[in-house]
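Each of the next two complexes has subunit A plus one more chain, namely subunit B in the first and subunit C in the second.
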Partner chain A sequence: MNLAIEFENLSKNFGEKKAVDNLSLQVPEGSIFGFLGPNGAGKTTTVKMMLGLLRPDGGRGRVLNRDIGRESEAIRSKVGYVAEVQEMYRYMTVQEIISFCKPFYPHWNDLLVKKYLDFFQLPAREKIKSLSKGMKTQLALILGMAPEPELLVLDEPTSGLDTINRQEFLRIILEEIAVQGKTVFLSSHLLHDVERVADQVAILNQGKLIDIRPIDNLKTSVKKIRVVFQKDVPEELFSQPGIQSYTREENAYLLSVEDNLQEILNSLKKYPYFVLDIINQNLEEIFIEKVRRDQE
Partner chain B sequence: MWYYVDPHSGIPIYVQLKEQIKKAVATGLLTEGEQMPSVRELALQLTINPNTVAKVYQELEREGVIQTARGLGSFVAERRKDFGLQQEGSLDSALEKLMVEAYQLSVDADTLYERFVKKLTTWKDRLWKGVRDNEPGH
Partner chain C sequence: MNSILLRKELREARWKIVLGTAILTATALFIPLAFNYIKDLISVLPQEQLEKYGGIMTLNIFNDFSLYLWSQWNAKNLTQIGTILAVLVGMNLIAGEISGRTAGFLLTRPVSRRSVFLTKALAGMLTIIFMVWFATIIMVVVVNYFMPYTIDAGRLFLTTVLTTLGLLVLFSLTLLFSTLIDEPVKAGGATLLIILLIVLFGWFGPLRFLNLFNYMSGARYFLGGIFPVVPAAVMCGSILVLSIAGLSVFEKKEF
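Right after this comes the complex of A and B.
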């Protein structure tokens, strides 16, 4: 499997605060990687290190087979980056910023730029400061896709868009990047967007990685089980691997399961029960529980 | 055929899509030889990851539900004529699942039998067709 991104024990401190703490992860080529975490978890710091905009205090990283320390310029010419939109030059017009960005890249797809300027109906002569938040986001996406990047990195890209525009935004990323077999790194706290398009997810909290796996695997293995037994059962039943925690009320139990679902079910069924329900968990529910447990 | 997935459900998108296509084939909404949308088309139509659609197609192909011809696309496969050991195993485990459900719902054998026959009647045309297709000369 070829990797688009590879971090090994990447760390960054701001004074006493460990913004990113020994982060190791791998992003397979051609995947859409959802990078999740609450605000302040270290997502943007990670993205900036990935692009050579911040120097790590420890660890190593490779992006598109280039070292993030020594070859960051080469990385930036091959990566499309959609940052939080406020960072664009406000005094430039739409056309000016396009002409400004173009010389930084070895490739630039003018047709694609025109196609999406028309599609979003962005006024070329208008100054950026007079654009709406949504229009700035759309412009940032165009600028990110124009270099025909091997990897598109998006940092909280859809925060300024309403629901309909967000889905359109995702569809364009799928069409222009993902369908072409290129990689997308989507850093966001908007779980709905990630849940729709990501095939891999990582959860970051307080600078540390607390989970990373295919989203299908996450949804298949992380469940809650509600079981009501007909009589008392031994407490050891709930200490088997895969059961993260449980709460009890009389003979009713609510189990949080992370793994070994089938084995756990089989062992529960050995005791007579009234109710045994498996409760599916969507990404938001999984995320909230994992972050909360991590903070305890 | 109208495809639908709920990305925000706790059931993985690929499971939803796969079950939906299998059901559509079983109920005749998708017919033998009918062309499936391409991975690209379906991914964009549903706004989901193309890798997810590709995974569904791979699994459906392995299970003999669809067939992919290089350069031509994917098509709903002819129904398999080889009811062998492996298929017998799949059928048995599906039936077993039904029994387990029935037990947990406190359904007794008579009721289960009654419901089963009733359900079978509505599916008779589809299932009977399979038997006829398997006869030599057809």
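Right after this comes the complex of A and C.
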């Protein structure tokens, strides 16, 4: 398996605060990788280390088979980047910022630029300072895709967009980048967006990786079980592997389960019950559960 | 050095270039045009007052037009206005990218930090050199072709080389502070504090040799005829050292 991104014990401290704490992860080439975490989890710090804006305090990282510390410029020539708040030179027009960026890259797709300028109806002669936040994000996406990058890094790109524009944004990423087998690294706390497009996710909390796996696997293995027993059951029943936590009210239990689902169900069914439901969870519920549990 | 970035920097500095050149050129033209007026004004002052407050120089400069031009241009207006312009040109170069939050945009393009810094330094230096020399050459041309005076243009130009070197030292110092301090006005303020300290050195005999402005005026060369090779070399070295220090800070800086 070829890897687009590989971190090994990557760390970054700001004073006493560990912004990124021994982060190890691998992003396969051609995947759409969701990088999730609450605000302040270390997502942007990680992205900045990938692009050479910050230097790691420990560990190592490779992006597109190049070292993030020593080969940052070479990495950036093959990476498109869309930031959460994309400040560009306000005095430049849309066309001028495109002309400014173009010579930096070995490849530049003028047709794609024209296509999406027309699609987004971005006025080429308008100054950046007079564009709305959404238009700036759309322009940043065009600038990110135009060099035909092998890896597109998106750091909270849809935060400033309305629902329609967010959907368009994600559709374009799928059409222009993912379909061509290029890698997308999508850092976001907007979980519906990630759920819609990502095939793998990593969850970061307080700088630490708390889970990483294919999104389908996450959704099939992380469940809630609601069970109401007819009489008291031994507490040991809930200490078996896979049960992450549970709440109890009389003989009614709500279990948070991760992996080992079938064995857990079998053992629960050994006791007489009124109700036994398996509740599917969406990514947002899984995320909240995991972060909450990690914080406990 | 990066030509795309250089064009961007010069574009961003265009109003500073236009206004700075206009101010310096207007001053450079005013000096020769005001010669007779000031000479007449001085002549009505009592001789003992002149000797008491103006010293011998005030009297001598009206006997030698080249000396007058040098005393009013290199030793005074160019040094003073140029210092302010050097700080204004330098203070925004790095700190402006940070406070305007465009540094992240620029540095995520495939361009090395070394190239970014050196291009900014070059753009600033070219700006200062252009402003100083445009005004100086205009002044000399106007005097030579439109006024009834002869001047030692070669000596004036060589002195202007020294003044330019001094201004480039101050620019490099400003660029260093612009790299260290993320706010342009604070970077400019910090530079002005250092400049104030340099001026203070001039007030104390044993520390006088540390006063950059003594060398910038080129007095030793213009009045004594000896080109100050060592101070000129020290100024070149200072530009280099300050630029390398700024580059080093910039390459290590986190955004």
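The criterion applied here is as follows: the second predicted complex is superposed on the first by the 294 of 296 C-alpha atoms of A that agree within 3 Å, B and C clash if a C-alpha of one lies under 4 Å from a C-alpha of the other, contacts with A are read in each partner's own complex, and residues count from 1 in each chain.
Definition applied: a contact is a pair of C-beta atoms (placed from the backbone, for glycine too) under 8 Å apart; a residue touches a chain by one contact, two chains touch by 3 or more.
Bear in mind the structure is a predicted one, so any value in this text is a computation, not a measurement.
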Partner chain(s) touched by A:53 [first = subunit B, second = subunit C, both, neither]: second
Which of subunit B and subunit C A:89 touches, first, second, both or neither: second
Partner chain in contact with A:220 - subunit B first, subunit C second, else both or neither: first
Which superposed partner A:31 touches (first subunit B, second subunit C, both, neither): first
Subunit B versus subunit C as contact partner of A:105, first or second or both or neither: second
Subunit C residues touching subunit A - in the complex, by the definition given at the top: 4, 8, 12, 100-102, 104-105, 107-112, 252, 254-255
Residue ranges of subunit A in contact with subunit C within the complex: 48, 51-55, 73-74, 76-77, 81, 83, 85-91, 100-101, 103-105
Footprint of subunit A on subunit B - complex, ascending: 7-15, 40, 43-44, 47-52, 55, 104
Residue ranges of subunit A in contact with subunit B within the complex: 30-32, 167, 170-171, 174-175, 178-179, 192, 195-199, 215-216, 219-220, 223, 276, 279-285
